[in-house]
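Each in structure tokens, the structures are laid out below.
In the two complexes that follow, subunit A is the common piece, with subunit B as its partner first and subunit C second.
Our next item is the complex of A and B:
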């Protein structure tokens, strides 16, 4: 592949040299990351097609089939209202994934912008913004999420916003620190000397260099946010029953944990698989995006 | 002024930085010309304002006072738009080839960057051809086109820096200590490359360095700076044979001679550089000068042409005449 590109430089081909293609080819060499990528894609597909693949409606109660252990009828058993656990978990993935990804995207954009401008412009603006972020960080994030959620009301979007706001300060700090360390490099001055505009410098030089800590932070956050959503659902905010959500399914089965394991265990396994897949994929992506690790 | 002999004319250039303690005189009243196709070496110790001078000349920093005339055009207060256009004519080679190249860009992207910024080529093939030409010009093997900077040694990295500076066909290049981060053997390669390019492309250089043996190798004229002020300016050979300013003499006596038989009196400079923030009146070098008198401490010496082409700013040199 490398040789093919070199030929182009000699002036005979038309192949466009793409950075993302390089990242992809490096990621492909990492089997663990590829497995996790497949799992993530499967999770997304399952979430999208939940209505088609669920064997039962998620809210259908059946008092005659309460708390059944896994069988061919109910692959993962039923809960304390006789609802099919597999269906509830499949549907629950929708909420968990959607809300946590939404929350990560919101906090990444808001926190990233705050941090990047603070780092780039510095001065009083930086000080003011970062002290506000410090204050936000000083509030325990769960308490904070509960307050915002209580103020905004329940529902998918409001829950995502509530969780996202708790994630903003850490993104702002991370991006600011990265921008500061990149800004001091001579290649930024070199880019200015070549006549680059500020925007081009931010897009072409600053962002690619701060991306890897952001990717890692984001994949970790997806896991943390799934837990936070569960927490909110547990205290009665967040997603409302009967809408299934992994955390709320688990909390509803909490009282039966000694006698009947499926209600707590299977959603827990789903959360663990999701967390592992996102975290390892994030690590793999970070490595793939670093040209220094190229073999 | 029908014929423009000088590529660059700098008159009484000043650059002060505001600090909490007062104005930092980074560049103070510097005047020089660089004729087309020649090289001016700027010598001085760390922190004497050499790099700042280079940045102000290029317009990367605003001058506090004075003027910079490039090819007959006063560019001191050029508009933002004009500044950007001027970048195609005036370029900069950086000191550290390790930090001045974006670690996430491969060699061909790095060299192509200035061409992208100015949208010189519409088609990708033309662009790649130009990159290939540039790589040939600076002596980089084409197989390295998709290598990343961290995979290359310092000399090759600096060749990338040179290729980037050359990409827009500039007429004038400020070389900001381009070899000080390199091994001696590689220094020679890069210096020879710069000399060859100057001959072939008719480039004009302002060569900033703290290494006198390097500056002797490459410059036609030499400017010696100390704490932002000009101490001495003269053709290179003349400066090495007849240094006039005590500071220059001290610098020259510090160049190692590769022979154990040559006995030489070293002029040791005592003390440290005084603060460039709100400097006291008088010669900047006076606190460390072995010949300093009361006059030196009170009155700033002006630059005088002692012999044709050889300028120096020292009360004592005048006294000798």
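Our next item is the complex of A and C:
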């Protein structure tokens, strides 16, 4: 009864329902994005259940089966130590996704807070922070990651941090822009009038309203970060062998490229599929969350 | 216009200092000890302390940074730990090749990207449009080092057309340039396509059509010029991607440029060389970005006008704000 009254007061006569249901129904109409969503879910499931579905333990060396081409026994062949490539790639997906999600979370939190405070407080603080972000963006992000990674050292956590730092400026910019666009709204004014602290307003009112661009950016970033992580591992920073990571598997197969293609080829195919899925899903989400943008 | 350029150039100084500061800070926290790296590990404690003092490593952080900037201004970035040669000499030796590689890479990206974008936009929703968009998206999902390796497998190993490594003659340039140029293609295709689609629906295009111009004249003389403006803005970003990617790609093709040097420096933990190379490439990207910014002001009179009005608007707003606060 109360709701009906509210609807009446709103005056548009529409049934009140969740914004996320709208997004979902719009996303469902985009077949390519739905296929990519399924691929992404499969990738996540594979990452979680890698130990159950891998045909062989990823580290099991078998000197008698070195560098075999794909066969029914080893669907993607074996590597230079006779380890099953499919198992290594499945486990590698686990590491790539894990590091990438860690990096996204770190840069989202840091960049989001920087951007939200800059946009909210404005003034000299805003100018200084945004200038710093501009400078950070001026350095090619891969080289920046190489630099930080060289200083921090290798390993899963350090790699996530190195990649996360390169992602901070874009989040800061995005959140700042969104905050600026909603700052003038009346509900913010009302929250201030009610005596909320600035931090509470940022966390409770501003951030929920900038969520959709953040979700889109994060989806795209998971893909971009997987690429960067594999790049770092490929050049010998990042995740170190024997931990399987797509970039490091390729790096170990590089010296055999003349006579044996599977070690460098298949992890790359995995990256292409993963990135493609995340990119298309990100685009689909963007269209679904902001239908005005779609052309 | 002069003020616009001056402002951009002046803003460039803090950018350079900022980049220097970041690179210096990262270098400051690297796990290596410059004294041991330069003079070897068999120093007595006393000698060690003396060298440390000589190298200025006991100075406070900001004093060290100041000295670093001073030296960088004199083109002195220290010496490589590994072969003891000045970093700047090594960079300058290799810079022309890397810069040329980057220039060809960006040319490939921009030319192919714009062409595909135009074709996609003029034949919107055709099979060709979908094919071009999908191919460019797949290319965008490929790590450039993997693309490079695949090109080596196909064109050097299987077909034997092109050399896999080295640049003995011009054929050695083909694979690295293509590898670098294809990755960021998707961005250019997408931006050209959407901006072209925007422009095609404008009134002045309808006017051009009603004048009886050929489709070719309409697209290339009227639509394209206007559609290219947003593309210019991303060139700086594209170049940043290409120059960043050039490090790994140069490593794969054993291309004698800064990138390959950087990759070997990474494996040897040769920090002065790593930081020097990153600094050089970053500053190069910043300079190009500055150029793009200025160019942007020139090619579009609307932007020129916009800057003036934006300023005026700001000033007016500031004036109003003051009046408001006084009242």
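To be clear about the criterion, the second predicted complex is superposed on the first by the 230 of 295 C-alpha atoms of A that agree within 3 Å, B and C clash if a C-alpha of one lies under 4 Å from a C-alpha of the other, contacts with A are read in each partner's own complex, and residues count from 1 in each chain.
The definition used in the following text is that a residue touches a chain if its C-beta (ideal position, glycine included) is under 8 Å from a C-beta of that chain, and two chains touch if they have at least 3 such contacts.
Treat the numbers as computed from the prediction; the structure is a model and nothing was measured.
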Partner chain(s) touched by A:209 [first = subunit B, second = subunit C, both, neither]: first
Greater subunit A contact set [subunit C / subunit B]: C
Touching partner for A:187 - first (subunit B), second (subunit C), both, neither: first
Which superposed partner A:144 touches (first subunit B, second subunit C, both, neither): second
Contacts of A:60 with subunit B and subunit C, given as first, second, both or neither: neither
Which superposed partner A:28 touches (first subunit B, second subunit C, both, neither): neither
First (subunit B), second (subunit C), both or neither touched by A:153: second
Subunit B versus subunit C as contact partner of A:200, first or second or both or neither: first
Subunit B versus subunit C as contact partner of A:257, first or second or both or neither: second
Common interface residues of subunit A - those touching subunit B in one complex and subunit C in the other: none
Residue numbers on subunit A that touch subunit C, as the complex places them: 131-132, 134-136, 138-144, 146-148, 150-151, 153, 223, 227, 230-231, 234-237, 247, 250, 254, 257-258, 261, 264-265, 267-268, 271-276, 279-280, 295
Subunit A - residues contacting subunit B, complex: 2, 5-6, 8-11, 14, 16-17, 185-187, 189-196, 200, 204-205, 208-209, 291-292, 294
Footprint of subunit A on subunit B - complex, ascending: 58, 60, 84, 87-88, 91-92, 94-96, 99-104, 106, 108-109, 113-114, 117-118, 124-125, 128-129, 131-132, 142-143, 145-146, 148, 150, 164
Complex contacts: residues of subunit C adjacent to subunit A: 14-15, 18-19, 22-23, 26-27, 29-31, 137-138, 140-143, 145-146, 149-150, 152-153, 157, 194, 197, 240-241, 243-245, 247-248, 251-252, 262-263, 266-267, 269, 271, 274-275, 277-278, 281-282, 285-286, 289
